[in-house]
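Some structures to go through are shown next.
In the two assemblies presented below, chain A is common to both, partnered first by chain B and then by chain C.
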Partner chain A sequence: MNTFWRTFKVAAWLGWEMDSNWTEPWLFIVYSVVKPVAGAFILVLMYTVFAIIGSRQDPAAFSYMYVGNSFFIFVGSVLFGTFQVIQSDREWYQTIRYVYMAPISYYVYIVGRAVSKIGVAAFAVAITLVFGVYFLGVQVHMTLAAVPLFLAATALGLAVLLAIGICLGGVSFLTAKHTHGLAEGIPGIFYVFCGVLFPLSVLPDWGVAVGRAIPLTYWFDLTRRLLSPTLGVETTLSGYSDLAILALLLVSSVAFFGLSLLIFKTGEYFARKAGKIDMTTSY
Partner chain B sequence: MSAGTVRRTDLRYRIALNLRAVVGRSYPRIIGANREPSWIFFEGLLPLLGIAAYVFIYQSFGARALEAAAGDPAAQAAIKANTNALVASVVLGGTMVAFWLNVLWSMASQLYWEKEIGNLQLYMMAPMNRMALLGGMAVGGMFMTSVRAVSTLVAGIVVFGVVFQVADPLMLLAVFFVALTALYGLGMMFASLYLLWGREAWNLSALMEEPIFFSSGFYFPVGGLFRVPGWGPVVAILGSFVPATFGLDALRQLTLSRTAFGGQLWIFDVKTELYILVFMAVLFLILARYSLRYLELLAKREGKLTSRHQ
Partner chain C sequence: MSYAVETRDLSRVFAGKKKRRFRRPKENEEHLGPVTALDGVSIQIREGELFGMLGPNGAGKTTLIKILATLLLPTSGQAFVAGHDVAKDPFPIRQRINMVSGGETSGYGLLTARENVWMFSQFYGVPSKVSKGRIDELMHTFGLWDKRDAKVRMLSTGQRQKMNMIRGFVTDPDILFLDEPTLGLDVNAARVIREYVMNWVRTQGGKTVLLTSHYMAEADQMCDRIAIIDNGKILACDTPENLKRMIRTETTFRLEVDSIRDTTSFTAMAGVKNFSHKDDISKNRSFLTFILEDEGPVAEILSTITSQGKKVHSLQKSEPTLEDVFISMVGRGFE
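Showing the complex of A and B:
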């Protein structure tokens, strides 16, 4: 246990240094904020253009989309923060053979490396939300009583994300340098099917079924319920109580943890067998 | 003059050498892609989902607007037409996203990446012109990216039922290829700049994703920015330094007709935008040539040409 903790701590420190020490702290803060805020502004302009040409405002739909998009920052950062560890150590820094041979848990090392990205993402989420509330009229009215539930939901949502990221890491043991495709594509699945930007009811029936099978859908719904309880947008999940969703997230995080172990170990086994642990695919 | 020197200064020999370099550098991107079929799934199909999300946003807005306009057939028809035009805008933007990402990650960052993995010194020792090297990267990159761009277009038409009305296909092709040339010219210029930088290069490329998608109007007609009072026009003008802005605006006019969105969201007419793109293409290629030569010299002088992981 002590080794796990030490690995986690050192990997988290390493991840933070790799993410942030390429520039001055103020520039790193600006960098960390500009990307997600610009991402939010794409949606703001999409809404604005629709409102201009249709001469129709829909503040509830806008707030729904904005809050979902703010929390989606976690999805991109945590997933990328986990699965890119293997590819960057293998292809870019070419240090994977040394880390891999060290007497540590490589799984814990990856989780540690991802932690700094979670911290930076949390900062970006907070800035994006505050900006939306004060400058764009986004409707956020969280009560004090909802805070513990919100924190618990966030922790469980992040645990599920980490586990999914490790699953992808296990797959990327065997794939070529597809970091960007994965970084765009896998979050894209959640972007479309988890009711992040629009209610699930917009999707065809099979899409709704896919969305309901992904635990992140419930995480986004619960988060939005707690932060913006007055939106009144039908999400097709109103039959579930807050506590039921929380319980579902708890079960999902345990299940995904088991799945991540299985996929990671399987990917690792086949990569070792095929001699792919430290391959480089520089085209 | 020795026979070797005569041969090296012979124009035909130099052209053939540089053409071979173009083919040689584009080869791994074109053939490498075929040898790694998983690439089509990861780079071609998965990214479609992100674009689908933007399509569904407009469809969601459209559905709510249709509900509100129940009983007014004229308003409903207008909402449907506008929604189709916006979805088509997203699909076109999605094709351009593919090329922009390729410019950032496979052109601009490529020399930096080659430095990191130790190939750069080999390129520098080879007798061809460096522009031929960058040209080969661009040709290979365009081919690789076309797969994703085409799959985005096909998905837009087949899955989302987007209707394009192309009245002037020759002009469409001209705008498309000139925009691509300008984009890759910009990428070549960045490639040389990145030679001097260390990890800032990677982060700069990452920083030029969402902010450029936003300021260049990849997912909405960029004219919408001019309708936002105050900061909107400033952002749009800054964004128009990226050729994709005018390229997309012209492509949208050519495929959706100038009357789409009530004709109120276009920047200039197509011909003016084509001229601007031609100017940008020439300018960026010239700047790329000079900056590559200058920065190569500077990198050699400062000893950064082969220094990795900085």
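Showing the complex of A and C:
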């Protein structure tokens, strides 16, 4: 346990330094606020286009896509951040051999590195939501009683995201750096099939089936229910209670954690066997 | 007897490149079959020993170190570090080793030199206060004190290399792997590193270093024992003195002559055991080293050179070096 904690602590420190230390502190804070606000304007533009094409305004639909997209910030940031640890340590900093041969858990190291991504993303999500509520009329009415459930759902959703990121990390042990497209393409799939922009009910049956197989769908649905209970958008999960969805999220978190361990260890073994742990691909 | 490092019939074969179905292979790519980097290597390194692995580029030195540092699995055979099998039990090995590779510029550019080294020490569980004390001391020793708070991206290649040396020592490992540690360093920095490593092994007690190098003088000066490796095979393993004694009955001559292309006649010459040939194109000179059974063939060598219209600029009889040992064994120099 001591090894895990030590690894986690140092990796989290390193991750934070890498994410925040690239400029002056004041500029980092300004950037952290301006970036999500700029992202919010993109959502406004998207909604405006939808409204013009559909010839009608639907504030509930805007709130639906706004809340979904706010939380999708976690997906891009955590997935790409987790996947990128191996690639950047290997190709850019060329430190991977020294980190890997240290007496640490490399799995925990990646989790630790990703923690700062979660912190930065959480700040961006909060800024986006606050800006949406106060300046764009986004409907957010979370009750105090819903807070524990919301926190549990967020923790499980982030755990699933980390697990998926580490699965990609396991694959990236064996791949060249140009495959970072994988970490950009997979969030794209989640964006379409997990009810981020539009409810699952607008998808064909096979699309609904794909969406329901991805645990993030449950996370987005539950988060939206708790934050904006008055939206009344049919998402195909209306038949499930909040607790049932949380249970589904818990089961999938555990399953994905196991899967991530398996894929990571397999990728690590084959990389060590093939001599790819510290390869540089020079693409 | 237990060894700090032991390998038994260790081999490592790298798979060749596969043919790409949708891409025309590059000129020499089709011929890239499997590469045998290590071929039945068996060595024993005692605790407290400064052991050298000497060989030309591509001889298998780095592959061996990667296997011992648990970065790479062997294809066959076994390797033990601190009594643990590298393939089956890497974690206890990692607690006791560290590694520094020369000529590379690794490091997190956004961290300072001090932060970089401190961070790695934390991975090894070195108490932060102890670590900071050691870092300051090592920064002074390696001449990096003035750059301690500079971001790594601002450091020169040599300064980064010094920082990595400090990273290697800050965890106070029992076994340290140094892969070409002075590669690309200036003379002074290389000397400081050599002296520090020798002193560390002599004074700390029980510390073991495996040093790879293709600098003969460096290995000769530093190592208690040296293994000579070429094409993945250990050709000889002994103290530097004993290795040189192996060819002491032979005579070594070094010649500097006008650039010479055709050297085939030397190989067939009676009394020439082996020779190597290096060119300095900028000076239009060739440097020939002959390992002779006795001084008999010298006159014939000189006459062969002058008959080609080439001038002999210098002729020197010298004591055998480790490179001469290598030339004597494989019939070519390191470069």
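Following the convention adopted for this analysis, the second predicted complex is superposed on the first by the 270 of 283 C-alpha atoms of A that agree within 3 Å, B and C clash if a C-alpha of one lies under 4 Å from a C-alpha of the other, contacts with A are read in each partner's own complex, and residues count from 1 in each chain.
Throughout what follows, contacts are C-beta pairs under 8 Å (C-beta built on N, C-alpha and C of every residue); 3 or more make two chains touch, one makes a residue touch a chain.
This is a predicted model, so every value here is computed, not measured.
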{"item": "Touching partner for A:W22 - first (chain B), second (chain C), both, neither", "value": "both"}
{"item": "Which partner, chain B or chain C, touches more chain A residues", "value": "B"}
{"item": "Chain B versus chain C as contact partner of A:A102, first or second or both or neither", "value": "second"}
{"item": "Chain B versus chain C as contact partner of A:R6, first or second or both or neither", "value": "second"}
{"item": "Touching partner for A:R212 - first (chain B), second (chain C), both, neither", "value": "neither"}
{"item": "Contacts of A:Y93 with chain B and chain C, given as first, second, both or neither", "value": "both"}
{"item": "Doubly contacted chain A residues - partners chain C and chain B", "value": "22, 93-94"}
{"item": "Interface residues, chain A side, partner chain C - complex", "value": "2-3, 6-7, 9-10, 13-14, 17-18, 21-22, 93-95, 97-104, 272-275, 277-278"}
{"item": "Chain A residues touching chain B - in the complex, by the definition given at the top", "value": "22-23, 31, 34-36, 38-39, 41-43, 45-50, 52-54, 56, 58, 61, 65, 91-94, 175-176, 178, 180-182, 184-189, 191-192, 196-199, 202-203, 280-283"}
{"item": "Sites on chain C touched by chain A in the complex", "value": "14-15, 66, 69-73, 91, 94-95, 97, 99, 101, 104-111, 115, 119-120, 122-125, 167"}
{"item": "Residue ranges of chain B in contact with chain A within the complex", "value": "28-29, 32-33, 36, 38-39, 41-43, 45-54, 56-65, 68, 78-79, 82, 86, 101, 105, 113, 116-117, 119, 198-200, 203, 206-207, 209-211, 213-215, 217-221, 224-225, 227-228, 261-262, 264-265, 309"}
